[in-house]
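Please see the structure below; I have some questions.
First chain written, first letter: the chains are A, B, C and D, and each begins at residue 1.
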């Protein structure tokens, strides 16, 4: 289950295994009360060189590190920067939220196995995002948009708690507008201005028509969502190999050593964070 | 020359000669138990010892290890090189050597861990073969770690009237060198035969307590994931983390930053962690993927007998018995595995 | 807390019902104290200096809150302080003061002040957080300077401080001590919050639980262990009580209520 | 003398351990009120000990006072052992003496150099001394750190010692640690001389009031850890610690949460001055030569001289500590004597406690400290009483002040305040302790 990336890493001098590379924040945006967007550039000008679905370890010395997914596509116009979107939940993320344009931070990575782009190519792609799950998926969606010709039908289903919790609303407007993308969004609880769907994400599923022979579903969201969405997808006839998920676990090293992200015999940081449902099904602690 | 002999009374002299060039760490007494410690006086060395409280992994993966330092307003980590004093690990048992081998596999798996690598390179391992069982908790026969195999520079075997030293590496050769305290071995083939015979004979002294052999073990774990044994073990466990700390093949760690008092900088270090602790697998939002003590204990066993086999084709239990010895709740590896073996057999 | 270059963070120490042992630890900081004083200023430290001030950022509150008068005093401190730290076990969990709770106020007064006219407000020993909001906790009887420094640094750079949630055993094993159970003794290490560096057990004594029970102690497992070692429930309760009576009584009340 | 009104209220005495206020009220030249008020949150240790085992009494009573925790530990252990009928080994006794010496040295030096010297040099606190006597201040700070290190070696920590318990020590120092101990103590000889030099130049107020002095005394040594009780009024007779109540009569006063004590007179004094007045001849020769260097003569009725007595005692303790360490360096430590703080299950049958009383009397820096426990046959404390040195001195302090203030009424208010403060400080009171322990009587 080793990705191409691991070979790349071997060329990093050993000393730098735990040493972050210096980077600077070039743009920030408060997306919701708790989520903030950062555009980051390496001080040496090198691109990050990631694949959609991979993650990096952000580092603030004195505070610590935290793994976060990359939300920009490697096909982005300005390849010298990349983007992340972080929810404020604890020590590190609180400290990160205090940073602004011009502030420096450290980056390790990219790490992990991204979404299986090669397999998705030529096929239909159903993207299901719940809450923060949109963060790594945005990278994939924008990748697909930039390489639209390589993919078949593309459907995006989005679920959030409420209209105010929606991330990347600008992108969403764009996706909604695009004719070659099917886009739907639902919220658990509406507010007076909300005109769209109301209900958990599975309520969108019946309306989705897929060709089970050529569709891959890429699903990212909280653990509770997986259970229901996977059941729906299997009902629609997708095979376990056609369902792709991304998992979140506690991580310290990102290098397959520290043991925190271990799910049964796999390490999320190295073997994942993306998996096919087939890979995870037998793992008792995965979902 | 692969073998030399050493008169028993010359052992302190040998240790003394090592001390001239190396820091020597060896088993010494601590109250009624033993620990590996830097020795000052060769007389402190206790070769007839029970497995130490902590295995020698603490020299390869220290309890607290600095990864590097940093200064304020600079994101680069400096000082990532570690200097390891040339060290001799003296008198390590074969099970512990096997434990170091397990760690070696993990830390050399891509991407290789530079800190472990450097320590491994700087530590010369002189093993000491067990001729009799240490206590009823070890399972070295089942785990096939009783006899020396690999991972050491020199192996000392007590053949009764004297020691035979087997030299297994250029570093080992460097140590033996031309030191006159060692005797020449006339016929290396004879010695080899003699040692093989000795090993055949000594196994008889060891009582095998696990009701499954090496090959069956993995199969047993293949069917035991949902065994009720885990509930029983979980009920007794107090999550003190002792079993993982003392295990020669447990290597999980945490990474922490600590700033200096004047806040001008600080260091990033890694500290031993334990999958038995409540928070170990907790993520944002409070979700904990191994909330129950039973699932954490199961995880530990599976890391020894199943996951490691899937990942590295190797058992990560070396049969040292420490986890059982240290557990105040009397959770016994032998009992647990036998319980699983029984269930496995009955299911069949 | 953001620090501007020239204004030092002002730290104040206060004591309530206690032995002042935790404050005393501050005087043992030596070089580290000097280092700390580069960006902090200690105001209100009755044991060492005379000056007093109401202008401080961080208040270290030592001791349990007992009397009405103390309750008001600590409320004032809370108002003045940006950050309030419960310092030491008396402040964090009630500590040995909790043992007083085995008696009613009247009994206690009678035992000690029998025949005295002097009015005495006995009060109920309470950890500080039961009276005012506490931002951080530094446990220990006495507090351990290594932890105090670690916590202060961590708070000063804005990271905050969470004491370990694992038991004393973790640190004890890392120090390679011979386990007390191995020697046939009863130790509260497995159910006591770590962070002291296994202080007592490293010196051959048992853990007395001075840092308080873990949030989720394996009480059943621990009882089993102790019983196996020949100790009675009564002895056990006694051991737990030494530092944890405030919490134990609180839990009892809670169950009584429900 | 002019007719004067004076109202002094020193709220929160600084530079004494604990909370205390001095109140002096003079109306038209007449002293109306003059007392040391001690009001602190009471903690009821007396109640807390009830029903506890003698094997945890040390741990609990140590928490009476962080500053005097070693003294409380030792007195408690002695009371426990006495009650259980246990005699400690010679090694244990010597090591306990060593620990008590550390405590005395640490406390005396801090008091003399940091709390009293500033007064004698006419500065408000130790801080100005940092400019005038920087080397000395740093030296004393260093010594303080040394004692904390030495306590770490022997007891695990200074505040609330870990290794000391009934029956012995839970951990004994290694040979290397003993050598380190010796090195540190040897360096202190020269350092102590510097402090002695400082005190030869200092002038302490001239004031005398003869009172009764109470201390332990021992036929073979300058009594700290062991001895019988005697007083200067008892001449040469002694009483066993069990009968301490024949001398120490406690009573309540309104202005303090602490108990006061007296014997035949209205008050008595305990502490370094009392000890030296009684046991001067038993001082070692080094201490005696310090006494002559400081021009100290017994008996001294000047309470301000308590500090001088402390400096002399420091010399005694230091040289005695070195002798103890030398002894162990020579014959080695017997590590088989390590004990557990609480008897193991299999040891219990060997404990045949009888229901009886045990008393531990120890000379701690501030004077004689007594713990008295009555236990049942299972070693459970039924009744406890503790006499704290500072409490025993409170009545004497009040009477000293009542004599002192009229003698100095011609001075300014500031000067009077200072003299009164200095007087209280001379006693080195630990108000923390004094409020935390009172009479302990259980009515059953």
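Points to keep in mind about this one:
In this section, contacts are C-beta pairs under 8 Å (C-beta built on N, C-alpha and C of every residue); 3 or more make two chains touch, one makes a residue touch a chain.
Everything quoted here is computed from the prediction, not taken from an experiment.
Centroid distances built from C-alpha atoms place D farthest away from chain A.
Of all chains shown, the one whose average CA position lies nearest the global CA mean is C.
The chain pair sharing the most C-beta contacts is C-D.
Taking the mean of the C-alpha atoms as each chain's centre, chain B and chain D sit 52 Å apart. In terms of their C-alpha centroids, the spacing between chain B and chain C amounts to 38 Å.
The geometric centre of chain A is 43 Å away from that of chain C, both derived from CA atoms. Inter-chain spacing, taken between the CA centroids of chain C and chain D, is 26 Å. Of all residues in chain D, none touches 2 or more other chains.
Contact of a single residue of chain B with at least two other chains is seen at positions 259, 263. Multi-chain contact residues of chain A (touching two or more other chains): 62-64. The full set of touching chain pairs reads A-B, A-C, B-C, C-D. For chain A in complex with chain B, the touching residues are 2, 6-7, 9-10, 12, 14-23, 59, 61-65, 87, 89-90, 104-106, 222-223, 248-250, 252-253, 255-260, 262-265, 284-285. Chain C meets chain A in the complex at residues 157-160. Interface residues of chain A, counted against chain C in their complex, comprise 62-64, 91, 95, 98. By the touch rule above, chain C contacts chain D in their complex via residues 16-25, 27-28, 30, 46-47, 49-50, 63, 66-67, 70, 95-97, 99-100, 102-103, 107-108, 111-118, 120, 122-123, 125, 141-142, 183-186, 199-200, 202-206, 208, 229-231, 238, 242. Chain contact summary for the complex, chain B toward chain A: residues 67-68, 70, 72-77, 80-81, 106-107, 109-114, 117, 225, 251-257, 259, 263, 265-266, 268, 270, 273, 275, 280-285, 287, 289-290, 295, 299, 302-303, 306-307, 310-311.
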